[in-house]
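In what comes next, subunit A is part of two complexes: it sits with subunit B in the first one and with subunit C in the second one.
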Partner chain A sequence: MANPSAVCNGHLHHHHHQKQNNVLKSGVCKKNGITKGVKKNGVTNGTLYKKTFIEHFEQAPMYVAVLTFVGFGVGTIFGYLRDFMRAWGLEKRNVAQEREQQKDFVPLYQDFENFYTRNLYMRIRDNWNRPICSVPGPQFDLMERVTDDYNWTFRFTGRTIKNVINMGSYNYLGFAETDPNALKTVTKELQRYGTGICSTRQEMGTLDKHVELENLVAKFLGVEDAMVFGMGFATNSMNIPALVGKGCLILSDELNHTSLVLGARLSGATIRIFKHNNMQSLEKLLRDAIIYGQPRSRRAWRKIIILVEGIYSMEGSIVQLPEIVSLKKKYKAYLYLDEAHSIGAVGATGRGVVEYFGMNPDDVDVLMGTFTKSFGAAGGYIAGKKGLVDFLRTHSHSAVYATSMCPPVAEQIIRAMKCLMGLDGTTQGLQRVRQLGKNTRYFRRRLHEMGFIIYGNDDSPVVPLLLYMPGKIGAFARRMLEKNIGVVVVGFPATPITESRARFCVSAAHTREMLDTVLNALDELGDFLQLKYSRYSKSSHPELYEENRFEFED
Partner chain B sequence: MAAAVGMGQQWVLVEMVQAFYEAPAYHLILEGILILWIIRLIFSKTYKLQERSDLTPKEKEELIEEWQPEPLVPPVSKDHPALNYNIVSGPPTHKIVVNGKECINFASFNFLGLLDNEKVKSAAQASLKKYGVGTCGPRGFYGTFDVHLELEDRLAKFMRTEEAIIYSYGFATIASAIPAYSKRGDIVFVDEAACFAIQKGLQASRSNIKLFKHNDMTDLERLLKEQETEDQKNPRKARVTRRFIVVEGLYMNTGDICPLPELIKLKYKYKVRIFLEESLSFGVLGEHGRGITEHFGINIDDIDLISANMENSLASIGGFCCGRSFIIDHQRLSGQGYCFSASLPPLLAAAAIEALNIMEDNPDIFQTLRAKCKRIHRALQGISGLRVVGESFSPALHLRLEDSYGSRENDEKLLKRIVDYCVNRGIALTQARYLEKEEKCLPSPSIRVVVTVEQTEQELDKAASLIKEAAESVLN
Partner chain C sequence: MDIKSMKNYLYWLFCQFELITCSYLMEPWEKVLFYTFNVTMLVMLAYTAYIIFPVHISMAFQFSPCPQHSSSAYRVTAQLCSHSC
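This part shows the complex of A and B:
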């Protein structure tokens, strides 16, 4: 999947690029490599990376893939059997039925469409949508629910499961909190403004609070201007169509989030997909696009825009930004970077992947991010040059047709951002960023040592742990809940069919004790469910785990 | 024998050489050309040469060097009408400060005045204390809070439907709901005045779109009949082609009501499902504010899906869809804006629940709102140069120019002067904003007047007379 990029780094490593990347400190010779199945294949890269960039995508042994397919096969056979039984009235049909009066309408759903949902997802449905009844902090309270009909419906018992360790929420910096002192300004603004806006940005929905927030976001990111939107998903889907259109080309990473995909589709531009984080694949697409122009009409492309994410939420990988920037400069393309998971979560002071790689924010044409994750709020932003933001103010779908951001939510972002910037007069924000980094590396290191296959970058707080077999998804999540740990599990279609996984989101608010509890539970469960697939013991790369090597020098 | 054959061959060869010497020059030249041509035919390729003229690496580099993209965004002029936003200082309540001027608010869709309601605020405060602000996750991954379930339950009960589903953004509600059901190859009949969120939902669905004239049932029936004939030609395809009618209760762009009883007749006659967008009519129409179905006394189950945002009457953020579980439940795995977006902050859900409580406890509020709508609707009649568009009971109505002054740009400028005139004298209005290039059927430029229950009769009359005054001074 990501192997060839190491070769690509070598390819980029010639004089021309070194000149373009003079913003990067030269002479710091560090390794850059990606391991997948191979222990180490780092390529020395003189200028692009300041520090080690290591991502793991270890492949499982062959028997695991075979057993995974067998698992799906068995599930499918039983699915057909049960569909047959339902059709003959041998098993109760639990699914809601079409209204009598509309039975002769064209069916709303094709029968096979929901086969997977009905027969496979339904078996383990209790592991998703678990309702919580407290703040989604490092620990939360879950509403206990039971099912009397094999997950078709749930019944609440009225009891709550207290103090479940939360490894699922995107609360990277721990700003999802209820400390009255921290929320003082939010409380005040809620009292002053209320919750609603009842208008759009272009009509009567631009409040002084929005102006304040936008100025702060621009300052935080070190760019000329920024604009904020009420929903993170819509920030992508309603702004990309304003930036590109017919005759433009979008080059999109294959693992991009749905909102980016939707935005790209709604724009009417041509979309081409490159392999995940694979610079060779991207460069080939760029070259071909410029050389051959648009298909059929043969006109040159009006513009080319590259869509990537900072941290990929299902892989835990970090975008290879230095290479992408040098490619986009070489080929005069534009770069749209979605920092939904990375803003606040990486970089010495939480400024996202741009800071993580020690780059200049001006290198990225469109900086996008959300406030849902690290900032514990809601909404998203787009930042960059003043010309870009002015254009969005006049042409963004969101600015014209969607209600603007709720003021107390804006205040939550402001207070979290001020804390990160040290404007609250403390170093608490910086401490949170550092704590997150420490927790991340500790958690990842221990999982490696235990012999789990985990994906992604050593610095990414998103930690996917590979489960592979569909039967293990439910077993894993249920057993973890029995141990009072809330985890997220993901299977097909959100992942490739053979790569079902659990995903942990490390938070700065997690204490070492909490992480140890989780790790011990995982160790035990890993043996019980035989999840320790990794063939590389900890000793094969001990040099990666000297804690102090990763400390930032700032 | 062998020698004889050898002899014979030798003789032929000698003869050939002799013939070569004797042959005339033109013959030899001709033969030579023929031979060369045969060689060429043998070695030349069968396809045309120019089709395979691969670019040399150097040419490729030149092409790459040559290519100049357009700028990422074109420059925006400093005085672009949409660039300089109105800045509201403080909350956008009944009394609003726009660009430093204190006004009575006739611009925000705060129909029921719940934005400034103390009960709503304290419900939100209590929620803030318990849950904090964000949810830090989508519904599937620990982003489902007890308040979300309660709000869905309350909305379903309020609307008297089986189930409701909430989204964290009003715009994303219908824009996600449509593509959850209607796919490539399906057919959607849609009113040409449909709002932008519907248009985007349709675009995302990649279905076959058939626009009918605004509120024109004969035109819709014509299209349905056309489709019926089409279906008879290809019954196999027709059996799997889903069809939908998408309409709005009260149209955002015109303030008109949709003729729902006729639509229901057409629905059963042609077996088409109806999706209804009620952002403007929810919490406005009907005795209890349940919207257009209550207004017409229609069984809500006859509508396949109702969607509305919670950003107008409920004065919160987000949106919801409601209907039968058979339909709504599908969105929990297929509604993109539902599955892939962080869930609604709990304090906003709590505010919406409290707003529903207030609506249920004060059913008179809808009557009051309608009376106020009628009052200003009447008062705005007969302004020379301006035409009132929209139903008399619509809380958002449009004032359009009777005659265009040449171009859209000119018209917009005139309307802006009217708006500015009013804002300077204490009545906050706005122009309805559209993306001119993106809209399927661009509505004429207009000033939007929004009525809320908080406006007193004096304020309504003042607004009407001020608009009249402004129109007279600007248009004459």
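This part shows the complex of A and C:
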């Protein structure tokens, strides 16, 4: 192809030649961005997954939905009554109020969500923001607090409730520990570096610890390079704007975390939402994007990026990664995978959803994760090809303006990761991952047998138990605390209004006795509060479970 | 023994009612208001049933063995009007 470019009649013949040569060479013709080539007879969907993928999203019987609405109706009526009394001065106002001098201005404090906060959230507020006073390991200590005016103010009695079983902390591998032997290197680094960095990554905040950590993260995940940031939320919200901008398209899952949503909105790109884990919805959006292009000008999108999470923390469902990767390859989109909850928690050696499905980490363009959940530290990382990470080092808001990770925290992540990879000479890391898998399967199996409605994949350590009725949210959390078990209950703004739930996070540090205590308490409470809505207990449908699934039964 | 388990069962039913209608979350004076309202509605319902029920029963029995009365419908409506006054 040594033809010099000859301009003839204004056309570059060189260009034509190139196109023809392309056709002759590989039989592949590029037209409109879609390659028509020789395609291998595709793998059928059944063999994309190397092991069974079972997820449950059972719907409650109809009477439950009706009674939930009855409960919300009564709550709303009394809310209006109380608001009326507050507006007319019959009752003391405890919320923030306008100043007298500004009464004629546009109101600052009124909208519907405040109605819900004032009238329903305030009544059960004692179940959230409970101060703890020990490390959030498998058991922790709570400070006891009481309220004299129905949750508007609290005061501490001075007592601590000791050894409450912790079913709420994201401590999947149990690295939140205070054992001095385990923290030897962290103490050493603390004495060597101190705690403050006092600078950003681009100025003087890059230490040798950061370089060591980034190399270790890249090795752990099997990618070329990685970059670490001081805060997990900021990793998402500050780096997505650096990767996409105006003229790009973001396809984001319905139930993505607020950090992803914030990052997507800040970037200025067009956002389209597909139904949760629904590949048909995603494919339809991809096809429409490629066929119709940008809204008014009909030009091709500059970039199409798919935002998904590894494990969704409110549902406990795992992303269908093989199908998304095949879609991404077919339609030439990019994939951003947020493994906040799945890194360390799933996969045979704890390397996240990519390992769980047996896939190649090169298939995912941007691997993001946090160190808060499984590593007992704080911060986040973004990993991928070296070009991507080098770009982020210069263009990310977080790198330019945010303080970098402090050295003892970096050392904690290094020691946890080395433990997981087996580089410290013991098999403790692998044991933790296996213990987490065992605990997860045992916990979920027992809850299914008891008859509760549990959402999510059988392998995810996040276990949401559905409560539905607003009255039961408060009753459940309070009674579990009386039995010395700390749980997290979630209601309206974070979940759909009729599907409030209690979310359990199983940890590798939980022993079988602790799980049994929790399960017995749940059994008792489930009977008393009538929470066992499931119409299919496991024992009545044995054909739903494959025989070749591993059941770790002791 | 039976009375005790009966009382426990009734207490448990009352707890379920409290949980479902969110009266578990209410302050005491709100609970009083809510229960008064409910009890009043139930009493009114019972009273209305007590008044209307015998009329329905007697009308039902009146219709059974006479198929040839053409003005039975007229008589029934007259009876209903006289009872409700």
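Just so we're on the same page, the second predicted complex is superposed on the first by the 481 of 554 C-alpha atoms of A that agree within 3 Å, B and C clash if a C-alpha of one lies under 4 Å from a C-alpha of the other, contacts with A are read in each partner's own complex, and residues count from 1 in each chain.
Following the convention adopted for this analysis, a contact is a pair of C-beta atoms (placed from the backbone, for glycine too) under 8 Å apart; a residue touches a chain by one contact, two chains touch by 3 or more.
Because the structure is a prediction, the values reported are computed rather than measured.
A.B. asks: Looking at A:M450 after the superposition, I want to know if it touches subunit B, subunit C, both of them or none. Which is it: first, second, both, neither?
C.D. replies: A:M450 contacts neither subunit B nor subunit C.
A.B. asks: May I ask you to name which of subunit B and subunit C touches more residues of subunit A?
C.D. replies: Of the two chains, more subunit A residues are contacted by B.
A.B. asks: Given the touch rule stated above, what does A:A60 touch, subunit B (first), subunit C (second), both, or neither?
C.D. replies: Touch status of A:A60: no partner.
A.B. asks: After superposition on the shared chain, which partner residues are touched by A:L529: those of subunit B (first), subunit C (second), both, or neither?
C.D. replies: After superposition on chain A, A:L529 lies in contact with subunit C alone.
A.B. asks: Is A:I124 in contact with subunit B, with subunit C, with both, or with neither (first, second, both, neither)?
C.D. replies: Touch status of A:I124: second partner only.
A.B. asks: Just subunit B (first), just subunit C (second), both, or neither: which does A:V70 touch?
C.D. replies: Second partner only, subunit C.
A.B. asks: Touching A:L266 in the superposition: subunit B (first), subunit C (second), both, neither?
C.D. replies: first
A.B. asks: Would you sort A:P470 into first (subunit B), second (subunit C), both or neither based on which partner it touches?
C.D. replies: A:P470: touches subunit C, not subunit B.
A.B. asks: Looking at the overlay, does A:Y150 come into contact with subunit B only (first), subunit C only (second), both, or neither?
C.D. replies: A:Y150 contacts subunit C only, not subunit B.
A.B. asks: Name the residues of subunit A shared by its contacts with subunit B and its contacts with subunit C.
C.D. replies: Correct list for subunit A: none, the interfaces share no residue.
A.B. asks: Within the complex, which stretch of subunit B touches subunit A?
C.D. replies: For subunit B paired with subunit A, touching residues are 55, 60, 63-64, 67-76, 80, 82-83, 85-93, 96, 98, 105, 107-110, 114-117, 120-121, 124-125, 128-137, 139-146, 148-149, 168-172, 181, 195-197, 200, 203-204, 238-243, 268, 271-273, 301, 309, 311-312, 314-317, 324-327, 329-330, 332-333, 336-337, 339-342, 344-345, 347-348, 351, 428, 430-435, 438, 448.
A.B. asks: Flag every residue of subunit A that touches subunit B in the complex, lowest number first.
C.D. replies: Checking each residue of subunit A against subunit B gives 96-99, 101-102, 104-110, 117, 121, 128-137, 140, 143, 166, 168-171, 175-178, 180, 183, 186-187, 190-208, 211, 230-234, 237-238, 241, 243, 257-259, 262, 265-266, 287, 290-291, 300-305, 331-334, 365-366, 370-373, 375-378, 387-388, 390-395, 397-403, 406-409, 412, 486, 488.
A.B. asks: Help me check something: in the complex, which residues belonging to subunit A touch subunit C?
C.D. replies: 67, 70-72, 74-75, 78, 81, 120, 123-124, 150, 469-472, 474-475, 528-530
A.B. asks: Touching residues of subunit C toward subunit A in the complex: what are they?
C.D. replies: 12, 15-16, 18-27, 30, 34
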